Amino acid sequence: MGVLEQFQHWLLGYWPSWAAYLVPAIVAFLVLSSFILLVVMAFIYIERRGVGRFQVRLGPNRAGPLGILQPVADAIKVLVKEDIIPSRGDRRIHWLAPIIAFMPALAIFAVIPFGPRAIFTDINIGILYIIAISSLGVIGVFMAGWASGNKYSLVSALRTVAQLISYEIPLMLSIAGVLIISGSLSMVSIVEAQSIPFILLQPLGFLIFFVAATAELNRTPFDLLEAESEIVAGYHTEYSGMKFSLFYLAEYTHAFAISAIVATLFLSGWKGPFLPPALWLMIKVFLVFIVLFWARSTLPRLRVDQLMGFAWKGLFPLALLNLFITAAEAIIWPGFPWQLLILNLLIAALLIVLWSGLFRVAGERVSFHRYGRGIAKGMALTFRHLFRRPITVQYPEQRLTPAPRFRGNLLVWDEERCNGCRACARACPVSIIDIETKKGDKGLIVETLEIDFGRCLFCGLCVEACPVAALFMSRDYEQASYFRESLVVKKEQFIAAEKRPSAYAYPDLEAEMPPQTLLAPPKEKG
Amino acid sequence: MLKTEPIMINFGPQHPSTHGVFRMRVTFDGEVIVDLEPIFGYLHRGIEKLCESKTYTQIIPYTDRLDYLASMSNNFAYVMAVEKLAGIEIPERAQYLRVIVAELQRIASHLIAVGGFLNDLGAFFTPFMYMFREREKILDLFEMVCGQRLTYNYMRIGGVSHDIPPEFLPALKRFVDEMPGYIDEYDQLLAENEIVLARSKGVGVLPADLAINASASGPVLRGSGVRWDIRRADPYSIYDRFEFEIPVGKMGDTYDRYWVRIQEMRQSVRIVRQAMAELPQGEVRAKVPATLRPPQGEVYARIESPRGELGFYLVGDDSPHPYRFKVRAPSLINLTLLRDLCIGWKLADAIAILGSIDIVLAEVDR
Amino acid sequence: MAVGLEHFLILSAVLFSIGLYGALAKRNAVVILMCIEIMLNAVNIAMVAFSRYGHLLTGQVFAIFIMVVAAAEVVVGLALVIAIYRSRETVDVERIDLMKW
Amino acid sequence: METGIAISFWILAAVMVASALAVVWLRDIFRAALFLVLCFFSVAGVFVILGADFLAAAQVLIYVGAIAVLIIFAIMLTRETQRGSPSGRFRFIAFLVGLLFLVTVTLVVVSTDWHAITEIPAEPTTSSLAQALFSGESGFVLPFEIAAVLLLAAIIGAIVLVRER
Amino acid sequence: MTTPLSPAQIARQIGEVLPEAVTDFNESAIFVSSEALFEVARFLKENLDLDYLASITAVDFFEHFELIYHLTSIKYNHSVVLKTRCYERENPTLPSLVSLWRGADLQEREVYDLMGVSFSGHPNLKRIFLWSGFKGHPLRKDYPNA
């Protein structure tokens, strides 16, 4: 009896029956969906920061303190963007597809128990409802692919649906394993039955569920959908603006839902020593989500046929075997004593070893005979990178001092020393220096000097050719302008410019230049 | 039976995974590639015609822009050709500096090649970011030596433009000590990764005799099991003084080309270590007349650039400008077999194969 | 007014007749299969209505078996349609009249 | 509670009939398929009203999740969609047959006395349904196995039919 | 060390098989008449095992075009430089060597595109860098670089 139902019964006494049921339900739905959207925003932010840390870079930190408002900034950007509707496709279905794609992800949360009594509706076919609703997403993908009216999104929609369907079956079978142990479909009773978390009792079931769920979410290593190197953006190529953001939200809400299901089914939901139940569930959900994008930042992508082969020849038979074994255990040891734990781990290991030896991923050449050790080592490496200092340089605030010999733009011209010999003009490969001189009393006086930095190669040959050391490369590098004409620098500008010469071609100047900031400064100083 | 008409897709010239402005007209029957025609010319700047009106020293910045991922090797090859033509001897220290810088450039170029290849396989930028971290360290070293990070213009006819600053050797020592550890990390991340194996083992197999017949060179040739490296077969400059192995693949598939590049990085570190130890003191640049006028005659000098045999063919005619300036571009010639390698495979494999051949469009189109 | 058994039966009858009309009138084989699905669903509703108002679960058991049969029927039906389409380039029922193809 | 069920029944019935008509009437097959999905959904809604919650979930899972997807796949693989689903020569006769059937059944339904038991049955049907299906002698174990064999035959038949020789 | 075979010795070897093929030789290369180019190339490939065509270069000396072929043998690590001249300027044609070395395919297309020397027997001789509508061949010395 969830808290909501008690409130509804209590309210029955005061309001007409239909109002007593409807109004609290709507209010609870609004509260729940706003909470979910908030958590999804947090997920988007955590994923972008997390993947950044896996790749030794910072991740977004510009919008708001530590980049917290980055998802909000994305949302605003997407809202403002123009919403293109393809002319050839079917307008109404094109408009409807994102909603159908988003709706199941949100509907799953109606049965996720955040606490012993904090559940939206504790219907006793909880997990069956989840599977039924999650198989609805397929229709949304079809509509998007068909209504976009372009060849690539249709092909990609077909591929994605084939992937979703072939990974749905192992998903259901692994859940069946859990149901045998918990004995009931309702989510609350599943969690209560988990005195020992089912991840230990059902290791193989957990593995299959997790892999199939990653494929269901279209995430690496199964992210056929937005495979940049192939059909560029999959079935949501034609979507932009608000509709695209709905797809994006649907993906992350579905990821949140799957993590919640994994937490509830395998990691004993809200159970935990002293923290409040809802907090325990959120911790477990975040852990599962971190593993999801940890895989995303390590593993490359499988090809279409390998992906299908893996589903039908790899996961499906394993799931069936797991189901038989669990059923056999249910008959032999009905109480599921904890010793089963070791037995199950052994069986799982045996099956994986047996199956990976047998199963050829790419036809006779490659097999998982290393039992996925390669993938595990890769994941371990990316995990170790979490603890390394990110090497991102915040450019405008942090400035790197270039090397003493740095060949920056805008030459530095010394008017007194220059004797107008035009050696530099002759040495320049793209001949952009033109000097006019006139007879002065003690030698030539430079009348006009024009250097067109729009075409300059910054090769430094002119500086090397200057016999009287009147020309230097400069050390700054931020010279940009909107008009090509302003790139042509005249004599007066050279004289007026603030002189920051670099030590290129003048080794003696190097001593008093600031030292270069190195990414890996030499260990022993000196 | 179900008649499927072949679909023709234009792949490129703007596409996230063609390395530059490269276009392939690919014809599919369902998922399988039936025909593939590479189309070049989007980056053709006519460098060979341009350099016929430049003096020999002014050409050096143009060679930087030929294969912008390995401009040190381009300088090296061009400058060696001119010295051979003009018969100029260069000091010992300059030889060693050139070898150190060329090998560092090979590591930097292989880092991008392998990072790009893994990015095409779908590893979401992670290996790319790790390899770019190492490449940054090499670019810091180059910036220390010649002042620029991409188009170095470091070598001159008769030696190198600058001697190395005092803080160069300690930084190089740290890099050389740490690099093998990082290469082991790349191996641990990806060499045995089942998905990388599944996507690259046995994909786009190039048999050895076909590779030789199609004058492939560099990691593409060595990946097919042909032990041919110009640094060993026709040692130029002082490469005969260093001992290093030539890694050679077995099957000639995409995985072997990836593996060969990783091993070559280890060998380059060995060479740099030996060169650093024997670095003599002395001049870095021989006396060369300002406007060099090489004698009548022709020369063909070739080196082992990261992409293969990079050759410069010069015809001198006693004038400060070369009469004919020709570049033998390894990337262009390695693409001769792209069609044969990709037929029968799927689009995702074609991208992996293109990534493993590792082309740079500036060198292909010149 | 309260909803009795008759309402459900009439509803299923309406649905069944719509499905029947569609199955007979349409020329596209796929649409015919769709209409057959509607007819089967109509029968399902009647079955479940009987089990609800008769307090016997056999109605629901029958509904499950009807679903099984419907699924099998659709699979084979669509396989036939695609096989015909492959060799005759059409799913138009009027033009598929030759017994041997 | 009573009026709640009545209201939802009339809404669902209206949606169901409308979508069924749309499936039959629309020329664009893909839209017809989507309305079919809507029709399946409303049927699941009716099951919930009738207290058969397991069946409702099964209906959504089987019909919407599998059969509708299969039909849409078939639509995409057969490129007949441009000409939509024209209705054939028997339109008028078919209409008559349908109407005739409808009239007879409604007459039968209205006239017979069903002596239906109106109070609401026990809530969760899953366990009782399982009991009914698998319990010893009164259960439907044999039909269940036969259904399994039927499905196997259907799968193999479909593959053989569609396999490219 | 890739040992260049002495042109004199090679000229003699070719002379025995194809009498008037070799027109001239100097200390670094042997000159072959454009008609006998294909025969000489096949001879070098089969007998002297020069299985690796390093590069094809074309140079425009106003009164004649000079094609330079750098051939190498991977097995024996020796190399030969084969040169040929064709004197007409309107439409100089040479036999294509693609049937002997697949590597010649793109290099011959490049020579055709930039220098204008066409190769008979080339499977797919069309411009490689410039678009098909381009008039003239830029690398020729008399190309007007206005």
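For reference, chains read A, B, C, D and E in written order, and residue numbers begin at 1 within each chain.
The rule is short, and it goes like this: a contact is a pair of C-beta atoms (placed from the backbone, for glycine too) under 8 Å apart; a residue touches a chain by one contact, two chains touch by 3 or more.
The shown structure was predicted, so the numbers you read here are calculated from the model rather than taken from an experiment.
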{"item": "Intersection of the contact lists for chain B and chain E", "value": "none"}
Chain B omitted: connectivity of the other chains: A, C, D | E
{"item": "Lowest number of touching-chain links that must be crossed from chain A to chain E", "value": "2"}
{"item": "Centre-most chain, if every chain is reduced to its averaged C-alpha atoms", "value": "A"}
{"item": "Chain A and chain C, separation of their C-alpha mean positions in angstrom", "value": "45"}
{"item": "Rounded Å distance between chain C and chain D, as computed from the means of their C-alpha atoms", "value": "7"}
{"item": "Chain centre separation in whole Å, for chain E relative to chain C (CA means)", "value": "75"}
{"item": "Multi-chain contact residues (two or more partners), chain B", "value": "1-2"}
{"item": "Of all residues in chain D, the ones touching two or more other chains", "value": "54, 58, 66, 73"}
{"item": "For chain C, residues contacting two or more additional chains", "value": "none"}
{"item": "Sites on chain E touched by chain B in the complex", "value": "1-2, 51-55, 57, 59-60, 68, 70, 74, 77, 81, 101-107, 110, 114, 127-131, 138-139, 143, 145"}
{"item": "Sites on chain A touched by chain D in the complex", "value": "17-18, 21, 90, 93, 123-125, 128-129, 131-133, 135-136, 138-139, 142-143, 146, 154, 158, 161, 165, 168, 185"}
{"item": "Interfacial residue positions of chain A with respect to chain B in the complex", "value": "51, 54-57, 151, 220-221, 223, 227-230, 232, 296-306, 361-362, 365-366, 368, 370, 372-375, 377-378, 380-382, 385, 391, 402-407, 427-429, 457-461, 464-465, 473, 502, 504-505, 507, 510, 515-516, 518-524, 526"}
{"item": "Chain C-touching residues of chain D, taken from the complex the two chains share", "value": "2, 5-6, 9, 13, 16-17, 20-21, 23-24, 29, 32-33, 36, 39-40, 43, 46-47, 49-52, 54-55, 58-59, 62-63, 66-67, 70-71, 73-75, 77-78, 80, 84-91, 93-95, 97-99, 101-102, 105-106, 109-110, 114, 116-118, 121, 125, 128-129, 132-133, 140, 143, 147, 150-151, 153-155, 157-159, 161-162"}
{"item": "Of chain D, residues touching chain A in the complex", "value": "1, 3-4, 7, 28, 30-31, 34, 37, 53-54, 57-58, 60-61, 64-66, 68-69, 72-73, 76, 123-124, 126"}
